[in-house]
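Since the structure comes first, as structure tokens, the remarks are kept for the end.
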Amino acid sequence: MNTNSNTYTVVYSTILVMVVAAVLAFAASSLKSRQDDNVKAETISKIITAAGLYEDGCDAKTVYSQNLVEAFLVDAAGEPVGKLAEGEVKVTSDLKAENDNIKAGKSVKLPVYKFNVNNEVITVLPCYGAGLWGPIWGYVALKPDMNTIAGVVFDHKGETPGLGAKIATEPWFREQFAGKQIAKNGEVVAVSIIKGGAPKGDINAVDAISGATITSQALDATLKIWLGQYKEYIAKCAQPAGEDCCEDECECETSENQED
Amino acid sequence: MDANMKETLLKPIFKGNPITVLVLGICSSLAVTVQLQGALVMALSVIIVTGLSSFVVSLLRNTIPNRIRIIVQLVVVAMMVILVDQVLKAFAYSVSKTLSVYIGLIITNCIVMGRIEAFALGNKPIPSLLDGLANGAGYGLILVVVAFVRELLGSGTIFGLRVIPQFIYDAGYVNNGLMILPPMALILLGCVIWIQRSIQKDLQEK
Amino acid sequence: MEYLSLFVKSIFVDNMIFAYFLGMCSYLAVSKNVKTANGLGVAVIFVLLVTLPINYLLNKYLLQPGALAWLGDKYAALDLSFLSYIVFIAVIAAIVQVVEMVVEKFAPALYSSLGIFLPLIAVNCAILGGSLFMQERAFANVGESAVYALGSGIGWYLAIVALAAIREKTAYSNVPAPLKGLGITFITVGLMGIAFMTFMGIKL
């Protein structure tokens, strides 16, 4: 057969492309559910890490479902707009979609996770934004007063190794958030990440990672935007009883006293 | 035939090592040698991709139209790499995250294309498979050696387990942070070549 | 300002060679003298600049999850991202061929200086790496991806010309025999990488 003729070349490449596409489509679709499970499992372990429930070697899914009080969605006005099904979490791609909605000024459905940790209700809120090279995201866990931070966890897609990537890997960076407050004079201001070191005793600020200026600024802005989106919900939760937003968590009622 | 097979299998491991002798495939991979685990997975992926791509191209070798030869080879290699990538994402998610784009870059790893052009196009499928596997292994060996040194000296761990005992740190030892940085991979590779060429004098240049 | 910062960072801080080892094969093979290094460097800049924006558009409107939404709601749920490697490499190989033919036809002088390097570039990791990093880093628009392509290309160009200049000198040095050639080149590249790391703290 003449393997150099035009017809042969065209037919050959068509068949090749079809075979390759079929093999890949089959592989991708048969492995898809497993891959999604992995993404979900990772998200769950991040969430429970922020809540302070994660221990080395624990089964993240079990810990998550055992300690979860409830998981639901709220809109920008702080009204609940839907529940998350058993074991369902909003993964990074969902957060990206919501972030696009925030930027476009559209209505949002933001996830809220509430855990029972040592008889306290800890609320975990996500955040998502653009870093230097790619997306950065994270979870902020709030104590029952909805003001004091219990823990945080951050992750990123492609920040510079050794610089911006440290937001995910450096324990000191994460740990300095614990005990900080997201509100100042009753307004949600999030936590500022300050280059060259936060002023001593500033309850609303932490130190930035030296050398990682843009990533730090991006994380700072991300926290402000996302916690800003939750501010109505946070305010409602921080109010005395009678509001239905907190549903069955009486812990929220005590927050007024703790705030001042 | 048997002696031939043995030669095909053993030569690329040391005497004709693709990295240190043929200078192929340095591209995509030195960045993954900070930790042994990543390096090992990368090495296995490359072994599988070179082996299977050589095998498939060798099966097709008499049918491939010459004009689109390179593209056909790239498509076969890319298919193998995507399969490996999908499997890793499904079964070893955390490793696939640390390897990120470097798995995809196996496509342009010169070893794969180099072995296809140099061997698989002119040989039967089984020897091509062996040649691919062996070259992947020779490549993996260097990767693992470099990763071993970098992880041991840079983080004091092997596979993430601490091996340098605490009392040595107490006596004033510190991990060598330089080892973690990318340029050290190149310098270590230079040292590997130095050692190999001191033993095998016929490989020395000039 | 954003563009300038991205540009400088992609040249110096995230240099294709020194930070990510991309395009090492041709980098080592073609850096024996400055003149050929120059030719290959220019060709890499050129091909990066052409392929990256194209791959960006393909990624945005064809490959990434939900990218097919412009075809109608029915297609919005499709996720073709598993095809991205094969699409990217096919685009690169095709563009390299087209560029080669166009340059040959319309700029014969350029072709005679670049020509022999163009086919090599299809399998240069720096080109595919550029596209994969572009996908991972989710640039906001085509402009950013083009600036990133230009910056990375220039970074690669600087690296290869600098190495070629050094190798022209070390050819006359008294290097231990087992290190001659390849060995000392690796070590030189490593030391250059350490020098480039001084740009890490760069503020813009």
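Assorted remarks:
In this document, chain identifiers A, B and C correspond to the written order of the chains, with residue numbering beginning at 1 in each.
The working rule: contacts are C-beta pairs under 8 Å (C-beta built on N, C-alpha and C of every residue); 3 or more make two chains touch, one makes a residue touch a chain.
Keep in mind it's a predicted model, so treat the numbers as computed, not measured.
Counting C-beta pairs in contact across B-C and across A-B shows that the higher total falls to B-C. Comparing mean CA positions across the assembly, the chain most remote from chain B is A.
Note on chain placement: the centre of chain A and the centre of chain C lie 33 Å apart, centres being C-alpha means. Between chain B and chain C, the centres computed from C-alpha atoms are 21 Å apart.
Taking each chain's centre as the average of its CA atoms, chain A and chain B sit 36 Å apart.
For chain B, the set of residues that touch two or more other chains comprises 71, 75, 79, 82, 86, 100, 181.
In chain C, the residues that reach two or more other chains under the touch definition are 19, 82-83, 86, 133, 136. The multi-chain contact residues of chain A, meaning those touching 2 or more other chains, are 20, 24, 27-28, 158, 162. Taken together, the chain A residues at the contact with chain C in this complex read 20-21, 24, 27-28, 93, 130, 132-135, 157-158, 160, 162-163, 210-211, 213-214. Chain B meets chain C in the complex at residues 20, 23-31, 70-71, 74-75, 78-79, 81-82, 85-86, 100-101, 104-105, 107-110, 113, 181-187, 189-191, 193-198, 201, 204-206. The residues of chain C lying in touch with chain A in their complex are 5, 9, 13-14, 19, 65, 82-83, 86, 133, 136-138, 140, 200-201, 203. Of all residues in chain C, only 18-25, 28-29, 82-86, 89-90, 93-94, 122-125, 127-129, 132-133, 136, 176-187, 189-194, 197 touch chain B in the complex they form.
Those residues of chain B that touch chain A in the complex are listed here as 62-68, 71-72, 75-76, 79, 82-83, 86-87, 89-91, 93-94, 100, 180-181.
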